[in-house]
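Please go over the structures that come below.
Below, subunit A partners subunit B and then partners subunit C, in two separate complexes.
Now for the complex of A and B:
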């Protein structure tokens, strides 16, 4: 068995499956109700866990008395901090989170303190109320800028200088000199002071954005049990089986062979299903009780544990020449990280800039991104990993810049848009990019320049936004491709089907290699016992990483197949190709043999199966933490531009999104229908997060932790079907998989500012806080009327 | 205290023991192992637990199981008996109306309740019919389009 790693350098001329809108391979399971999600499994005799949670935002735990709870009929056991490991967990930036607060301190309201296990979840919940915890309340802080101030009297992680970095934590830095700073990322390109001196006009603004949630339909649920040989098994509605396995091994000091992690179809992720804290709790319970234990969130608990997207405060300063050139940009962006950032938001010190750093050619650039600890619930990654926040500031700023110069916002963007060979803010040379085409397409589809008429109190306006994204290398992918004797091809991958369509993508890729239809491809995933190593469905990496590994594995399997067939047919392997479950001779296609004959023949001499293996890795060049400069930080840069037409009621402040256009550069699309689907979904999620959604906290306590008051868009808030238009404009990226680039993280990013710009176009009101609720637009209109 | 409960689900009669406060979706999922209807918000906001009660779309988390006694309950599992798919299911596949799939059962059943009543729905009719079903993946566009295509297909079948 050989291992190969390929980046395709040529575009296959005759793609038959890739690039087509092939139906999803999981759709039949899902429309018939046969698709299984973690909560659909239910075992006789399983136990149910509920969590004792802190009512304090910041406190020391003095004593935990479980005697009454343990005596409650039906209670089987209680896991306490003393049962938990000391180790702090985190991915990316900082390992700051213990499974249970063994350090004796709670840092947010809702932090788990103990796990009560009983025969039913009702009994467990009743027993939770019987656990008596004595606390010593500590002063708490909830505002990011206050937390970052040198005068802040509260230090939330006084021992943070001792915390280690997460496994993927190369980019962001610890900040020992600021007590409540979790992490920092610096960009220094050119000479920003010189740039500002050369500028004719300086534009400075402050933008803010609220904390928002994933709102994925499936809540957290996890089961854990011990097998007879001492193997810990965790089956959960989370992504990244191998990453979780590694974490659980580290957390509990277990050898790799003694942890098995499983998952099924996942009912939506959007970045909220990566963090292992929840699995750690149920695993602890299973190890202590030696029983099958289920831990399932209520929707309210899902808000506590949901590692939501942090709120942020963003300062941005641009230096402009009269001709419309941007000569310098300086930003300071501070994210409100909550009590723990190990769930991913630590990395956001970098990622908040991720949607803006390759859009325009800006020669002098200085940025500081910070994540601040507060006593709000912890934060983590959410679709775009806070790039939507940075883009909200920067793409709103682009319109402010244009207006300061008296230029049209589209013309101003086109004047500065990144071109082939420009360097981005990280110093990487940009290649195979089409941001100009993306923004031009979005403008064309929204009929930019044609003023739309309002109606009575309703005024209409249009706005644009542009984003790039970097597909994060993070970790390698391995894939296995097995040839089955009936002509079926089996693909085994170790990442996730969270709804994004990865199973369809790998099926298309394998089908293309074997020239079969996708219904002859079987995709196996979701169990570390049977699936090869991969990282997780994160950072838009799967099509690129798992996809490249799939092609490599398929080619390895084909090579073995041709060796076998060649011997049987008396033809050199190089002379052979395959189609529809047969191997044939390229020069004489009538000479062919079905796969089944090969297995019959070869099994007699001991060749039972054909198993191809492929992997993909990406080697990042050295990275300078003082400047953020790196020659190849990201393997590729996709782009997305939105055009938005909105109507604003000038009496009430209500905003309606009427039309949305998208120009997308994902190179050569692998499946255009799934790309449309992800973008359309991103648009409506962004409508929610920019108009309706805000995780409200009062002194660290959730105010709207349910779907009644955390209002997400229904179909009624989304535009009519014909009013969402998506077009692909990219040119194939020859370094990419069949010329394709990734998409998923990008689909929220440029929407927020595009909508804010449309509101400005309609009313002259510049919104500086998202979500742009009816109330905030109303007050914006009022202030604007008073000032003019 | 558990009580004996008779339920008719997808044409089959069941007898189960369940606490009287258990909701219909809980009893379907936990006692009968009929799992296509999902639990998500438990406050009637998301529609993932939608089932049909005598052909009307109801939220399984807002109906007590005991209230379903004497009525016909239909879940997604009961939609296509035999080999073929229902036109709504086929349209959901053909028009990419499915992503993560967690809302799909509720969406399809809300669509069925609409199309059984209204053979010729407008886009506005479809929007109203699924306004109680949240989907976080698709942005609804392809779901609306699929339901309109299914309406056409059902008209031609009839």
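Now for the complex of A and C:
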């Protein structure tokens, strides 16, 4: 068995399955209700867990009395901090989370303190109320800027200097000199002071954005049990089976062979199904009680544990020449991380820049990104990992810049847009990019320049936004491809179908290699016993990483197939190709043989099956933490531009999104239907986050942890599908898979500012806080009317 | 955990007996759309739920010579889609179309919503503006309560624990009458940030002969804007008067700041909506 990593250079015209809008391979399973989710599994005799949670935002635990709860009929056991390992976990940046508060301190309302296990979840819930915890309340802090102040009286993680970095934590730094700073990321490119001196005009603004949640349908749920040989098995509605396996091994000091992690289809992720704390809790209970234990959150709990996207305060200063050139940019961005950032938000000090750092050619750039600890519930990753936040500030700023110079926002963007060979803010040379084409297409499709007419109380306007997105080169992917004697191709991958369509993409890629239809491909995933190593469905990496490994594995399998067929047919392997379950001779296609004959012939000498293996990895150059400069930080740079036409009700402040246009640079698209689907879904999600959704907290307590008042858009708040226009404009990226580049998270990023810019165009009101709720627009209009 | 018993009466008499037997401890459940959230948040902790959903003869819409009668088990969906209501009482159909999502409208009943007396319920202000009454009964007999006297305070009504509301009665409106309702809400079917209903009757010279204006979501219970009604009385309406009426209506609102917005914003929305519904009601009356 060989390992290969390949670069694909076929022309799009030669592709038969890739690039086509084939239906999803899981569509039938899902629409008929046959698809299995974690909650569909029930086992006889399983136990149910509920969590004792802190009512305090910041407190020391003095004593936990479980006697009454333990005596409650039906209670089988209680897991306490003393049962938990003394180890802090986290991914990327900062390992600051404990499974249970081993250090005796709670840092947010809702923090788990103990796990009560009983025969039913109702009994467990009743027993939770019987656990008596004595607390010593500590002063708490909820505002990120106050927390970051050097004389803040509250230190939330006094031992933070002892915390380690997560597995992918190279890019961000610890900040020992600021007591409540969880992490920092710095960009130092060129000489920003010199740039501002050369500038004719300086534009400075402050933008803010609220904390938002994922709003996925499926809540957290995890089962854990012990096998007879001492293997810990965890089956959960989370992504990253191999990542969780590694974490669980580290957490409990278990050898790799003694942890098995499983998953099914996942009912929505949006970045929130990656963190491991829940699995740690249920595994702890299973190990202590030697029973199968299930932990399932309520919708309210899902908000507590949900690794929401942090709120942020962003200062941005641009230096401009009169001709429209941006000569310098300086930003300070502070994210409100909550009590813990190990769920991924530690990395946001970097990621908040990830939608803006390669859009325009800005020679002098200085940025400081910080994540601050507060006593609000913890934060983590959400689609785009806070790139939408940075983009909200920077792309709003682009319009402010243009207006300060008296320029059209499109003209100003085109003046500065990144070109082939420019360097991005991280110092990487940009190649195979089409941001200009993306923004021009978005402008064309929204009919930029044609003034849209209002109607009565409704004023209309248009806005633009541009984003790049760096697919994170986190960890390699392995894929196995089997050739089965009936002509079926089986692909085994170790990442996740979170709803994004990965199984369809890998099926298309394998089908392309074997020139068969996707329904002849079987995709197997979701169990560390049967699936090969992969990282996780994170950072829009799967098409690039898992996809490349799939093609490599398919080519390895084909090579073996051709060797086998060559012997049988008396032809050299290089002379052979395959189509529709047959191997044929390229020069004499009538000479062919079905797969089934090959296996019959060869099985006598030991070939029962053919197993191809492929992998993909990305080697990053050294990274300088003092400047953020790296020669190849990201493997590729996709782009997306949105044009938004919106109507604003001048009496009520209500905003309606009427039309959206998208110019997409994802190189050669792998599945245009799924690209349109991702963009339509992304627009609806972005409408929610920019107009309606806001996690409201009062002294660290959730005020709207439900779908009644955490308002996600319905079809009534979404534009007609016919009013969303998507066009792909990218040129193939030869370093990419079939010339393709990733898309998944980018669909959210440039929307916020494009909408804010449309509101400005309609009304003259510059919104500086997102969500742009109808009330905030109303008062903005009132203020604007009073000022003019 | 909240534990309660669900009782299934065979008929109304059976239901009356159950309520009398468990007076003060039992609650009626029909569609459950208002009650379930209240139970979930432990705002009520009844020992018994008397399920009247399966009783026959309480699901009807009748538009007779005296006016409209809607039975206690008539769902929001049935009201929304009733041809006779769409034609003769469009304000009710329009109100129902934005009440909760489709699942809520399929289960929930109009009368149940009124009895729940949620301060954000959409039907109450509309029915109040139309001068509706509620027919209620117990094993001691029937009585008619004007909705004007029904809503006492936050989730408090004149309905006694042993009584069941049987039907809503909306009197036939005089000639040259019109009614309108509007809510401002985040999403199309969300609970209101503020809402106002107005019913207006004009004389032959378009002067206001009678007006009833009610607000919802800006007070613990629906509230009447009498001063605004007085401003309209005998007047031909113009923009200046509409401003005064809007101002006067907002003058009696007492909103609180919450997840639906600040008190100040709700007050502003009351003014916007009042202008809108009063002019709409007048247009309708002129067309009638």
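A few points about this structure:
We adopt the following convention: the second predicted complex is superposed on the first by the 783 of 788 C-alpha atoms of A that agree within 3 Å, B and C clash if a C-alpha of one lies under 4 Å from a C-alpha of the other, contacts with A are read in each partner's own complex, and residues count from 1 in each chain.
Going forward, a residue touches a chain if its C-beta (ideal position, glycine included) is under 8 Å from a C-beta of that chain, and two chains touch if they have at least 3 such contacts.
What you see is a predicted model, and the numbers here were worked out from it, not measured in a lab.
When the two complexes are overlaid on their common chain A, residue A:775 makes contact with subunit C while staying clear of subunit B.
In the superposition on chain A, A:734 contacts neither subunit B nor subunit C. Of the two partner chains, subunit B is the only one touched by A:26; subunit C is not.
Touch counts on subunit A: comparing subunit C and subunit B, the chain ahead is B.
Of the two partner chains, subunit B is the only one that A:268 touches; subunit C does not reach it.
Of the two partner chains, subunit B and subunit C are each touched by A:716.
Once chain A of one complex is fitted onto chain A of the other, the partner contacts of A:680 are limited to subunit B, with no touch recorded for subunit C.
Touch criterion not met for A:764: it reaches neither subunit B nor subunit C.
Of the two partner chains placed around the shared chain by superposition, subunit B is the only one that A:35 touches, whereas subunit C remains out of contact.
When the two complexes are superposed on chain A, the residues of subunit A that touch both subunit B and subunit C are 708, 714, 716.
Considering their complex, residues 29-30, 33, 35-36, 38-46, 48, 75-77, 79-80, 85, 89, 92-94, 96, 98-105, 108, 123, 127, 130-145 of subunit B touch subunit A. The part of subunit C that touches subunit A in the complex is made up of residues 1, 101, 184, 186-191, 259-262, 265, 268-269, 272. Note for the complex: subunit A touches subunit C at residues 122, 125-126, 651-652, 654, 692, 696, 703-704, 708-709, 711, 713-714, 716-717, 773-775, 778-779.
Note for the complex: subunit A touches subunit B at residues 21, 23-24, 26-33, 35-37, 39-40, 42, 214-219, 265-270, 298-299, 498-501, 673-674, 676-685, 706-708, 712, 714-716, 718, 720-721, 724.
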